[in-house]
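Here it is, the structure, as structure tokens.
To keep things simple, chains are lettered A, B and C as they appear, and every chain counts its residues starting from 1.
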Amino acid sequence: MSWAIIQQSLPMFGKGFELTLWLSFVGIIGSIVVGLICSLVQYFRVPVFRQIASVYVEISRNTPLLIQLFFLYYAFPVLGIKFGAQLCGIIGLIFLGGSYMAEGFTGGFNGVSKSQVESGKAIGLSRWQLARYVVFPQGFSLSVPAMAANVIFLIKETSIFTVIAIPELTNTALDLIGMYYRSNEYLFVLVIAYAIILVPLSIILTLLEKRVRYGTFGN
Amino acid sequence: MAHSGISVLFEGTNFMRLLGGLWVTVKIAAVALIFGIILGIILGVLRTFKNRPLRVVLRLYLEFFRVVPTVVLLFLFYYILPRQMNFNLPADQLATLVFVLWVGAEMSDIVRGALISVPRHQIESGKAIGLNRFQLYRYVLIPQSLTLEIPATINLATRVIKTTSILLLISVMDVINIGQQIIEANNHTYPTGVFWVYGLIFLFYFLIDYPLSWWAKRLEKRRLEKANG
Amino acid sequence: MADKVLEVAHLEKFYGKKHVLHDINFSVDQGEVVTLLGPSGSGKSTLIRCLNGLETYQKGTITFEGQKIVPTEKNWQQLRQKIGMVFQSYDLFPNLTVMDNILLGPTKVQKQDKQAARQEAERLLASVELSDYANAYPRELSGGQAQRVAIVRALALHPDFMLFDEVTASLDPEMVRGVLNIIEGLADQDNMTMIVVTHEMNFAKQIADRVLFLQDGEILEQTSSKQFFSNPQTSRAKEFLDSMDF
């Protein structure tokens, strides 16, 4: 392993790092918005939208991101719909992440104990009040660990963007390896770069899971 | 235009070739799951033991396979095994190996999580009738943890199947790779073929994963109903 | 002199820095029924769990049937076949039927003959009036029934000594009597040696030969049942008995 080679590659990896972060950020925000909409539509049983949401969730969760991206990037242009690679990446990530976030929120809402819901009803809360004062506040905090797990998952999924040549981290490494045949160095930097992003998140996730477990079960 | 495109699927042996590719995909996923689950059960049980160094090592193993994206894992093995260790494997076997290790890591966490969630008084009453450690796992912990483990394992299987899509990156002749070949070979005659080929592959994945997810969800729902009386 | 089944000497127990048992000394004779009384948090559970190896202790010795116990997990595992224990929670194994719950110890731990063990299990089930439930799963039982099965499960190993930790504390009131009757039967007819932790004072008074009164991890009184209930020596014990209101 040569430090000189690693050093020379750092500016390129820096750009890849930024792009990975940026695409993840936009994708995650978008996923949360989509997920929230879907879970609310399902919670309030809004006719039609609710069916659309559940069909979307099933399609999105049961197909690989890679094929979703290929579809967006290669197949859609045939229909006259064309996006740049990065936009495809973001749309694909949101399409994927929206369903995971939706399930996370729904899981949280469903996790609110029956006795809580019943005591809410018992004091005469309306459906909306029940959601507003009982189900949502408790449900969102219950869904936090699932959200955090999804964040980690989605960041890792951006590595798939390499298949449509978005120059994020993985793509940068593979390009460099292709050009200079120094796999050890570039893979090393690549793993470290992901570790820098994901290890802190993973630690936070572990803490959150403990918190919620204590929170829900008392001790 | 889009109408004629669909016939690309039935041109010559195209459809059979795609099915053949799907078979490669499914085979790799299945082998990886079988061995990965066995590995994961062993590691998961070991992770519930008191031995600290062992637990730390296994935890680091898990975290490594969790933090590094699967694509990157694949390339780590793809480049490092042959170049550093002079260990050459055909791409499909290499991919299977990576998947086994990855599934083993994920599975170990499922197994450990399920084992430690068996209530403490269950362990104590097992001990109180004189069960030894092996018997405690065999008759109390493992059977009781299965209802938690099975849905999680099925979900892991759906993830593995989806993740096989990255086999393309190391040139395994899986369903996507064959799809690409068909698209390229027919680009002139069927310019909209790309839509149908990817559409079909999309459908293949969905048809495999959807029933599995549905099954996992149902088992999980039943488990919760039982747990909450 | 009656045979001492159990002797506890200078037992000390810490949870981390917290000192929960202070210099515990007592013994139990063959056929004797000792009740362990004391306010919540006084260390009753901790003490009897030490006697079954479910808790470690930092100092002191436990002697069982004349043998000083070397407290390794392996030794405890052997001893637990002779020292049965029943807990407050109905802790049947939910994955096994009532019959299989009972048979697990005799057939897997003691490697008894299946047929004989089953006959014995049926006899025991009949004695607690649960013959009809042999093939039921624990979730189909009421709390009282589950607790009776838990007692049978412990007895199926033919222990020499039984520990009961508030076995009626989480039962509905109408279920309590049935469970207590079984314990009384064990004491009177089978002459079982046992330590009973309970909050049922009338039951304690009736069944106990001797009372250990525990407070803040110390044995404050150790006297005959008669003496303890009619004339407690310490003000703490008096307060305790007053508070129990029976």
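One rule holds in what follows: contacts are C-beta pairs under 8 Å (C-beta built on N, C-alpha and C of every residue); 3 or more make two chains touch, one makes a residue touch a chain.
Given the structure is predicted, the values throughout are model-derived calculations rather than measurements.
Taking the CA centroid of chain A as reference, the farthest chain centroid is that of C.
Nearest to the overall CA centre, using the mean of each chain's CA atoms, is chain B. One finds 48 Å separating the Cα centroids of chain B and chain C. Chain A and chain B have CA centres that are 19 Å apart. The centroid of the Cα atoms in chain A and the matching centroid in chain C are 53 Å apart. Within the complex formed with chain C, the residues of chain B that make contact are 119, 121-122, 124-133, 135, 139-140, 143-144, 226.
Within the complex, the chain B residues that touch chain A are 2, 5, 63, 66-72, 75-76, 79-80, 83-84, 158, 162-166, 168-169, 176, 183, 191-192, 194-195, 198-199, 201-202, 205-206, 209-210, 213, 228. Put simply, chain C touches chain B in their complex at residues 52-54, 73, 76-78, 80-81, 84-87, 89, 91-96, 104-105, 108-110, 139, 150, 153-154, 157. Put simply, chain A touches chain B in their complex at residues 58-59, 61-68, 70-71, 74-75, 78-79, 114, 156-157, 159-160, 162-163, 170, 173-174, 177, 183-184, 187, 190-191, 194-195, 198-199, 202.
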